[in-house]
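Below you'll find the structures, each written out as C-alpha cells.
After this come two complexes, each holding subunit A, first together with subunit B and then together with subunit C.
Our next item is the complex of A and B:
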C-alpha cells in the first residue's frame, strides 16, 4: 500500500511551509473578493489564507504561463561595417520547481492532456519540460458532483488519481493524503505528518459517496466519429453556436487547452534588446488563423467553435486516444452566455446525419 | 545621460505640426530658455492625438503628458482641435478613477507665433510635474481588494415580472416571424437558474422564450452581426438603449430591426446568486413570487429577494421599459430619475488616488486577457479588428503584466466615451470578476457633466457628443496659464 498521511486542518500552514522548503513556489487557491468572487492559484506566503475550493482558473499557469519569455536577443552592429550585425541569444528555460496544492482531479488530468503534445511528440518542448519535471501535484478529491461538472463523461471522476502525485480527501476537519507517484511517495515519507492508514477506509467511503452523487453519464464512445462526420454541416454548427460571443473565456479557463502564440517584441538593438514571447492564444480569436497573406479562413464564430469542440472530442482523441476535455465545466459556468459544450456534444451524438 | 539618472523627469509632448510645434520653434529661435524634460512627438493635428497615446505614455512610465495644438477656431485644417478638446477633456476627467493624478496631463493651445506663450506653458507645466515628483507606478502599488456595497434602494419596486404578457408577446412574435431572419431573446440555459440567448426561427422556438430575472444577457450585442437582414429582438429597457445607440451610430438600420418589449422588473446578479447557491448537483425547483425567486438545489431552499440580489445597474435604472420599440406590451412602474452614483463607482469615489491605483493593481492582476468584456459589449463593433489584436502597429505587448491589462481596459472605456449605455455586460462577462464597469461609469459621468447631462442610447436622432463639437463649449473652459 502507498504511503498515507493525515493532515489536521490546523497543521496546514506548517505543511505548506514544509512544501515551500522543497519547492521554489507552492501554488495554493486563494479567494479574490470582488462583487463576483473568484478563486485563483497564487504562490503561498506565510499567513496567507487558503481555501480548499475548486478554483475559478485552473493552475495551468504552473506549466504554461499566460505569457513567458522564450528567449531574449540582442543585436549589435559592427561599427566598421554597418551591414554586419551580430545577434546574441539567451534561451535558457525559466523553470521554478513548483508544488500545486489542492487542485481538483480535473485540473491534474489537464497536465496529462498537455503532456502528450508537449512531451510525447517528435520534438519535446524544452520550456514545458523543464517546468513539468519540477512539478508536484497535490489534488483534493471532490466531495460531490456539480451542475456544470462532467468529469465522469470523459474518463475522469471526483477522485481520479490521473496526473496527481498525492491525492487528498477531506474527512471532517482533516485531510487524508495518499501518495500516487514516486515523487509523492518520497515527499510524504519525508514529511513529519502522522500515518493515516487507519482512516483510509473513511476516505474511501467519502470518495464512493462522491461518485454516487453523480448523474448517470452518457456514452461518448461514438463522439469522435460523429463530430468528424459533422465537419461540413454548417447548419448544425450554426445552430449550436449562435449565442457564442467568440471571446476566449472558455479556452483560458480550460485546464486542457494549450494553444499559444509567439511574438517577437523589440527590434533587438539598444539596451533593452528584444524578446520572443509565448502567450496563450485561443481558437475563438481572429488572429489565431490570420494568415500572412491577410486571408483568414475562419472569419466566423461558427468554424471557430467547431474547431474547439472538434479538437477536444474528435481530433485530439484521434491523435492521442483520449478526449482533451476533462469535464471540469469551467467553460460552461463562466461562459458569458452560458453556452454548454455538453449540449453540443450530445446534439452531435443525436444527429442522424 | 539617461533621463532617469538626472534630475529631469519624463514629460511627453504631443504637438500639432502647424501651431504648437511652430510655437516651440519660435521660442527656440528667440533663444527663450525652456526646461529640457519635454520629449516632443510631432503630430499633424491635435485631433490626431488619440487619448490612448496619452494613456500609453502615462502607463508606461511618463511623469507628465502635454498635448498642444492650434487655438480653437484657428485649426490649420477645420475642426481637428474642436474634436480634440472634447476628447481630451473627457480623458482628463477619466484619469483620476484609475488613480492617476489628472494634473499630470494637460492640454494647451499655442499658435506658431506665440514663442513666449510656449515658453510659459512648458515652463509652468514642467514646474507642476516637478512639484509632484516622479509618477507612482501600478507595479509598485500594494494590491488592495475592496468590494462595493450592494445594499441599495431601487428607484422602483423590483420584482420577477410574473404578470408580464409573455404569452401575448409570443403570439406577436409568431405573427411577425415569416418576415424576419430571426428574433433574438432568451431561454432557459443549462439549468433553471441560468438563461441563455435564444434565436427564434420557428414557432416552436418561440415557445421556448422566457421572460424574468435570469435574462441577464444583452441581446443587442448580436444585432450588428445580422446587418442587412431584418431581425427581431426582445429587449429589457437597458438593452433597448444599446439598440438605440447602435442606431445613433448608423451601425444598424432602423428598418432592419423590429423591437419587442416588455416592462422589466430587474434582473439578478448571477454571480452573487451562484455564490450563495454554492456547489450543487441539480436544481430541483425554481419558484417565483412577486418579490423574488426561491431556488431549491439538492433539496436545499435558497431565497433570492430581488431587492437584495439585483444587478447593480437595476437599482438606479430609470428605463424599465424600452425607450424605442415596435411592440410594447404592459405598463412599467413609474420611475422618477434621480441622479445617483452607481455602487461600483461610489466605492472608488471614496478612495484616495493612491488607493485607487492599489485597487486596480489588485484587481487587474488576475485578468486573463480573454476579452470576454470586449466581446460581450454591444458597442464593441470592431470585433476582429480590435486595437488589442493589432500587430502593425504593435499597440499592446503580449506581456501578461498589469500595465498592459489595465491599458486594454482604458482603451475599451475611452472608446465608449459618450457611447456606453451602462448595460454592464463587460463586468458581468468577466470570468474572474474584475469590477471594470466602474471605468465606463466614470466616463459616462464625465460625459454627462460636460454635455448637458447627456446619456447614451436614449434618442435615436441624437449625435453622440464625441462625434461632434461646439465652437464655444459651454462646460469646457480654457486654461489661462497665468
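Our next item is the complex of A and C:
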C-alpha cells in the first residue's frame, strides 16, 4: 500500500513550510476579492490564508506561463566597424521547482493533456519539460460536483489520481494524503506527518460517496467520429455557436488549452538585449490564423468554435487517444453567453448524420 | 540524417490515424527546437517589386557544413526584434554554400526581411516539415505547375530532379505570373527554356508588349498543354485561387488525386506541431506537411 499520512488543519502552515523547503515555490489557492470574488493559485508565503476551494483559474501557469522568455538575443556592435554586428542567444529555460497544493483532479489531468504534445511529440519542448519534471502535484478530491462539472464524462472523476503525485481527501477538519507517484511517495515518507492508514477506509467512503452523487455520464465513445463527420455541416455549427462572442474566456480558463504565440520584444541592442516571448494565444480570435496575405482559414467565429470543440473531442483524441477536455466546466461557468460545450458534444452525438 | 527507404512511401499514403508521428525519414534540427541558428545574409537578389531572394550562411561553420535537408523542407527565418516566418529552402541540397529563401513582402516580418542587406544577421530554424517524396517518383514523368511566388518550392525540387535526370522521365514546368515583371528567377529562366532536359512553358495573365510566351491563366494554359497523366506526377504550388482551379484542370486531364502533389502554407508560429495554428483537422502543416497529395487533402476537413 502506498504511503498515507494525515494532516490536521492546524498543521497546514507547517506542511506548506516543509514543501517550500523542497521546492522553489509552492502554489496554493487563495481568495482574490477584486470586483468579483475569485480563487487563484499564488506562491505561498508564511501567514497566507489558504482556501481549499476549486480555483477560478487552473494552475496551468505552473508549466505553461501566460508569458515566458524563450530566448534573449543580444546584438553588439564592433566599435571598430559599426556595421559589423554580432548576435548572441541565451535559451536557458526559466524553471522553478514547483509544488501545487490543492488543485482539483480535473486540473491535474490537465497536465497530462499538455504532456502529450509538449513531451511526446516529434519535438519535446525543453521549457515545458524543465518545469514539468520539477513539478509536484497535490490534488484534493472533490466531495461533490457543481452543475457545470463533467469530469466523469471525459475519463476523469472526483477522485481521479491521473496527473497527481499525492491525492488528498478531506475528512472532517483533516486531510488524508495518499502517495500516487514515486515523487509523492518520497515526499510523504520524508515529511513528519503521522501515518493515516487507519482513516483510509473513511477517505475511500467519502470518495465513493462523491462518485455516487454524480448524475450518470453519457457515453462519448462515438464523439470523435461524430464530430469529425459533422465538419462540413455549417448549419449545425452555426446553430451551436451563434451566441459566441469570441471573447476567449473559455481558452484562457481551460486547464487543457495550450495554443500559444511567439513574438519578439526589443531590437536586441542595449544591456539586456531583446526577448523572444511565448504567450498564451486564443483560437477564438480571428487574428489567430490570419495570414499576412489577408487569407484566413478561420475568419468566422463558427469555424473557430468548431475547431476548438473538434480539437478537444475529435482531433486531439485522433492523435493522442484521449479527450483534451477534463470536464472542469470553467468554460461553461465563465462564458458570458452561457455557451455549453457539453450541449454541443451531445448535439453532435444526437445528430443523425 | 539518414533517410530510410521504407519510410518514403509514407508521404504517398493517407496519413495514419492514431499514429504518433515518426519522423525518422526526414532531417530535423537537433537541440532546442525554438533556438534559431544565427546566420548572416550573404546576398540579396531583387526578383520582382514584391519578391526578394536571400542567401544566408549559418555562422557556425560546423553547423553549416553538417546542415542537411530534403527538397521541400522549410525553415523559420527570423529577424530578431520583429519575428519569424516560414519559407521553403529553395536552393537544392547539393548546393552547400548557402541556404536560399525567396520572400514575397506581405506583412511585418516579410517587410523586415526585405529591409535586410548583406552582412545582416538573421535566425534560422531549419529544416522543418516533410519533403517531396522524390525517391518514389523515379521512372515517372514530372509536371510542375507554379504560380507567382509558388515557384520557390518547385525550384528546389525541380533542380534536384534535373541533377538526377537519368532516374526520371520527362520533366516539364509551367510557370505563370501576373506579368513578366512578376516572374521570379528571371535570370535563370532563359537557362530553363534552353535546358534540353526540361520542357519549360511560361505564361502571363494578360498580353504584354514583347512577350514571346503564352498568355492566359495557368489552369487554361495547362488544359491547352494537356500533359499526359499516364505515369506522371503533377506538382503544383501557388496562391490558393490558382491551386483551386489548377486542381480542377488536372483532374479534368485525368490525373489521379494520389499523383497530384502540392505544398501548403498557413500561419505558423512554433513550426513543431504544438502551437495550434496550422492544423487542418488533426494534421499540422508544419509537421505532417507542408507536402501533401491531393488524395491526402481530400481525406482531411476542407479548411484551407
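We adopt the following convention: the second predicted complex is superposed on the first by the 345 of 353 C-alpha atoms of A that agree within 3 Å, B and C clash if a C-alpha of one lies under 4 Å from a C-alpha of the other, contacts with A are read in each partner's own complex, and residues count from 1 in each chain.
The criterion applied here is as follows: a residue touches a chain if its C-beta (ideal position, glycine included) is under 8 Å from a C-beta of that chain, and two chains touch if they have at least 3 such contacts.
The model shown is predicted, which means the values in this text are computed figures rather than measured ones.
After superposition onto subunit A, partners subunit B and subunit C are found to sit side by side with no clash. In the superposed model, A:283 makes contact with subunit C only, not with subunit B. When both complexes are overlaid on chain A, the residue A:261 reaches subunit B and subunit C alike.
Residue contacts after overlaying the shared chain place A:311 against subunit C, while subunit B stays out of touching range. Contact with subunit C, but none with subunit B, is seen for A:274 once the two complexes are overlaid on the shared chain. If you stand at the C-alpha centre of subunit A, subunit B and subunit C are 90 degrees apart, rounded to the nearest 10.
In the superposition on chain A, contact of A:126 is made with subunit C only, not with subunit B.
Judged by the touch definition given at the top, the superposed model places A:295 against subunit C, while subunit B stays out of reach. By the document's definition of touching, neither partner reaches A:110: not subunit B, not subunit C. Looking at the shared chain after the overlay, A:319 reaches subunit C, while subunit B stays out of its contact range.
The gap separating subunit B from subunit C at its narrowest, counted between C-alpha atoms of the superposed chains, is 7 angstrom. Subunit A residues 261, 263, 265 lie at the interface with subunit B in one structure and with subunit C in the other. Residues 70-71, 73, 75, 83-89, 91, 117-118, 120-123, 125-127, 228, 231-232, 258-268, 274, 276, 278, 281, 283, 288-293, 295, 297-298, 303, 307, 310-311, 314-316, 318-321 of subunit A are the ones that touch subunit C when the two sit in their complex. Per the touch definition, subunit C reaches subunit A in the complex via residues 17-18, 20-21, 23, 28, 32-36, 38, 78, 80-85, 106-110, 119-121, 123, 239-240, 265-267, 269-270, 272-277, 279, 281-282, 287, 301-304. Of all the residues in subunit A, the ones that touch subunit B in their complex are 32-38, 40, 54, 56-57, 65-67, 144-148, 213-215, 242-243, 245-249, 251-253, 261, 263, 265, 277, 279-280, 282, 285-287, 296, 299, 330, 332-334, 336-340, 342-343.
Contact residues on subunit B toward subunit A in their complex (touch as defined above): 145, 147-148, 150, 189-191, 194-197, 199, 217, 221-222, 269, 271-272, 274-275, 279-283, 297, 312, 344, 363, 366, 368-372, 374-376, 383-385, 389, 391, 394, 397-400, 425, 427-435.
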